[in-house]
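One structure is given here, and the rest of the page talks about it.
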Amino acid sequence: MRTIAPVVEKRWETPSTVTLRFDYAPLARPGQFVMIWLPGDDEVPMSLSYTSEGRKGVTIKAMGETSRHLLQLEPGTRVGLRGPYGNTFDLSPRRLLVVAGGSGGAVVAPGAEEVRRKGGSVTVALGATTAKELLFRERFTAMADGGLEIATDDGTAGHRGYVTDVAARLVKERSFDAVWTCGPEVMMVKLVRSAEEAKVPIFCSVEREMKCGIAMCDACAFGPYHVCSDGPVFSGERLRDIPDFGQFKRDASGRRVRA
Amino acid sequence: MRTIAPVVEKRWETPSTVTLRFDYAPLARPGQFVMIWLPGDDEVPMSLSYTSEGRKGVTIKAMGETSRHLLQLEPGTRVGLRGPYGNTFDLSPRRLLVVAGGSGGAVVAPGAEEVRRKGGSVTVALGATTAKELLFRERFTAMADGGLEIATDDGTAGHRGYVTDVAARLVKERSFDAVWTCGPEVMMVKLVRSAEEAKVPIFCSVEREMKCGIAMCDACAFGPYHVCSDGPVFSGERLRDIPDFGQFKRDASGRRVRA
Amino acid sequence: MADLSTTVAGVVLPRPALLASGIWGESGASLAAAFRAGAGGVVTKSIGVKPREGYPNPTIEQFGEWGMLNAMGLPNPGIEEYPKEIGQALAAGARVVGSIFGGDADEFAALARKMEATGVHALELNLSCPHAKGYGSEIGQDPQVLAEVVKAVKKATTLPVWAKVTPNTQDTALLAEAAEKAGADAITAINTVRALAIDPVLRRPVLAHGFGGLSGPAIRPIGLACVWKIYERVRIPIVGVGGITTAQDAYEYILAGARALELGTAVATKGINVFREVHEGLGRLLDEAHFATIEEAVGQAHRK
Amino acid sequence: MADLSTTVAGVVLPRPALLASGIWGESGASLAAAFRAGAGGVVTKSIGVKPREGYPNPTIEQFGEWGMLNAMGLPNPGIEEYPKEIGQALAAGARVVGSIFGGDADEFAALARKMEATGVHALELNLSCPHAKGYGSEIGQDPQVLAEVVKAVKKATTLPVWAKVTPNTQDTALLAEAAEKAGADAITAINTVRALAIDPVLRRPVLAHGFGGLSGPAIRPIGLACVWKIYERVRIPIVGVGGITTAQDAYEYILAGARALELGTAVATKGINVFREVHEGLGRLLDEAHFATIEEAVGQAHRK
């Protein structure tokens, strides 16, 4: 059930982030992910940052060994792909706020583009540690008819501080049908609170250890759910009942450890 | 891949022949056969004497143990069915001669009916040891716009003697696009000769030992062909190149023995 | 409708199909969810002495609809951490079978004691993982070593002990006989079948570990043969597992001699509702055959 | 295009995929037809001392597209009658491997002598039929008995001897090692896997014999694992068989260590043209991978 496909395009998005594109036919919808196998190394989950019919893409941030190896791939190198797996963002909101931190932009970008294409309005709050690390700045600018607001930890661009501050202000000041977010879990926990206060439905893309990808091995257990099939997109409502959110994750042995 | 189905109708056709009907969905075409399993006993090939969409039928003559057991089945008893297997009669002839001996009528009847239904003309030569053993006399009468001629070994009905004599006369006197036949192999050998002389294409339904029914086990080897998949219907042309026809068959161990 | 409850060595199960070990079994919340979704009980992931990460990915490969290969490498949080998870499953009202694996009889015995303390209703000994070196098959393929493990565990606990045997042997029933003689209270059959997937483009095994265990429909006829043979040679109850995906599959295992069932791969391919579907369908099949209970149907295909 | 010829223990085969034993193998005309349809060679039905009718029907059961169960019971015309059939296959120009089965080493040796006299190019010893009582597995599962058979046959003939081993054992490679040590010139792996089908309505085994042997795609990952292991442990060539249906399947077996292949079930499910399809596809796969010969590709998945 794996497809072996060569990387056909590589693009450095930030000094620590790369987009790899490959021709992978299976239909995918925004929010879904693939398991990408780097032979001899590991197989890891990556959201599809490009979900179009033929040429798909993932956007990878250097975290540990495997992601760093993925960053070093050059066009022509073959990887294994399976999926897409998981659920998707609901594309019906007319007024959408997207809040992306770190590599999270990779997860929310294709869905936000679709909302825009369907005539919805998209506002983006984009955060990173520093200006150079802002992911998809141009891509978000192009789609954000509702404006793109930026936050960096070091203040090298936009608001100095957390993107959650920017987002909290936006949901308070303006009207949205939905908030989508992906980024560090602490960030998403804060956002869920802000969205709840503002009574806007919020959807978070959550990350957990993944092995099978098909709701079998329990590696991605998240409350009574499996991130690989019930997620990765969870509503704020649902997250309220999952004590692990923002608190615990499971390591590769299944032990519950501090997130 | 087996269907277990109860016998839903039973009808004595002759003192030694019974038709069993069952509801068996798979599409079948005239000439094809099923493997019918009598649990605890054996599984044997039987041509479909009724090929209509829902309710199918086989017509069985008592030969040995299994066929005798099949004759004793009452409605409600369950048998196993798989198939249909094998090739079919070509239904295009406009003027068809059907020559049936013994239980052979079971094999040719449904196809001949179809030819008639499509507007073709059907002539039937029907043979048996004695009048009471004439199979499907009424059924053939109903379809035989070209006439039904009868032969019995003991002269209790029609011509006294072999149906081959009747058939030889018919192909000489009249014009046919095709001859179909099923019956004892010696009979079919003679008919092939008559048809060749009259330059009429002839098609014989051949019987051989059968086990798998799907061209795997070689039990039904017949020259370079398998009766279960290349047959049971063979053209006279093809039969000319099969020295076994009328001469040899294989027993259950695969030994070539006199037919 | 026929009564779907069944009893395995004193453990009463409301419904016969349990969650197989290694599926949804690392976390208590998942075990509880499987039970709520209709499983008649849940078998935990096989738990060892220490936390174990298992093998790197890829750990699974799917073959169409008919098979699945896995070499997870027995990842598990270890027996010290795991009781919390079991607590959650028990709290949900689930019948819980604690699965354990070890490197020798002493390890098994120690694990059994700790597992018993968690409150599980029975123990399943994983004597059969086909790919974890030093565990499973190496222990489970030798009837003598297997018997020692069973004896040690029986001594260490008062819980019913289910011995899960491997099909990767000449005669699985021989292992079952050894387990019975050593005191096992039930036999679970079968675990996965040793197998391999190769990627032809990359020219290497697909799974990081190389070999894996085949599961799913492909092994159903193999599991049925094992259960059949075991039924003819032991008297203790049999829990049938291997490729069960539909009610009919479950029924066939019962007719071959199984008193309860476990579903693994089907949970991934059909979703957790498979338990409800299997149980509903099984009820209908039993009704049609005029069996009032599972018990009545067990082994009925053996009658001549 | 890559050169598809391959050599197994001195026997040069124009193409690597042979007709497996028991398929189209009772009659010389069928063997010849398989060769003409593109098979690189043909293995005969396993032939014994006397004619044997085999088991009553039903002798086969099909599982969807992925598997087949059979218990033919080794029907065969016996070694006295069979030479005529082989003559026909040889006359068609086919490479013919004569398969034999017996109850002990002496019987195998006697059969080997008679088979040699027919002019076959090699012998395959069926040490692995999983359902014929007294033959096959009972002999083939014990490395010592297996070695005796191989030795006796080697003494009785000058032909290359292929030992066909069973997967119904703890470690198929152990059997292969025993065969190699005893003088076998090649290993054929694998025969069918012991399995069972039950009819749920009739509540009885489907096959008249009860147990049968599973073949087809379902056993491909099992066969691949066996070939892989054997390749790591013996030096004589391996003939891979088990579930090969496509060129890719064949290629995977080659990468795992097979130097030639046999196709059985695929002949029934895909038709006899499967040989042509597999060979054409295999040529393309070898070309894409820049292998000029089969030889170059053998075992390449083992390289780290």
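Letters A, B, C and D name the chains as they come in the text, with residue numbers starting at 1 for each one.
By our rule, a residue touches a chain if its C-beta (ideal position, glycine included) is under 8 Å from a C-beta of that chain, and two chains touch if they have at least 3 such contacts.
These numbers come from a predicted model, not from an experiment.
Least step count on the touch graph, subunit A to subunit B: 3. Put simply, the chain farthest from subunit A by mean CA position is B. Averaged C-alpha coordinates put the centre of subunit B at 37 Å from the centre of subunit D. If you average the Cα atoms of subunit A and of subunit D, the two centres end up 52 Å apart.
Separation between the centroids of subunit C and subunit D, computed from CA atoms only, is 33 Å. With touch defined as above, subunit B holds no residue shared between interfaces to two or more other chains. Counting partner chains per residue, subunit D has residues 63-64, 204 touching two or more of them. Taken as a graph of touching chains, this assembly forms an open line, each chain in contact only with its neighbours along the path. This structure has the following touching chain pairs: A-C, B-D, C-D.
Put simply, subunit D touches subunit B in their complex at residues 22-27, 29-30, 32-33, 45, 51-54, 56-64, 70, 72, 75-78, 81, 84, 199, 201-202, 204, 206, 208, 264-265, 267-268, 271-272. Touching subunit D in their complex are the following residues of subunit B: 1-2, 4, 35, 37, 39-44, 78, 80, 211-219, 221, 223-224, 226, 250-256. Here subunit C touches subunit D in the complex through residues 63-67, 69, 137, 141, 168-170, 193-198, 200, 203-205, 210-211, 214, 217-219, 221-222, 224-225, 228, 248, 251-252, 255-256, 285, 289, 300-301, 303, going by the rule given at the top.
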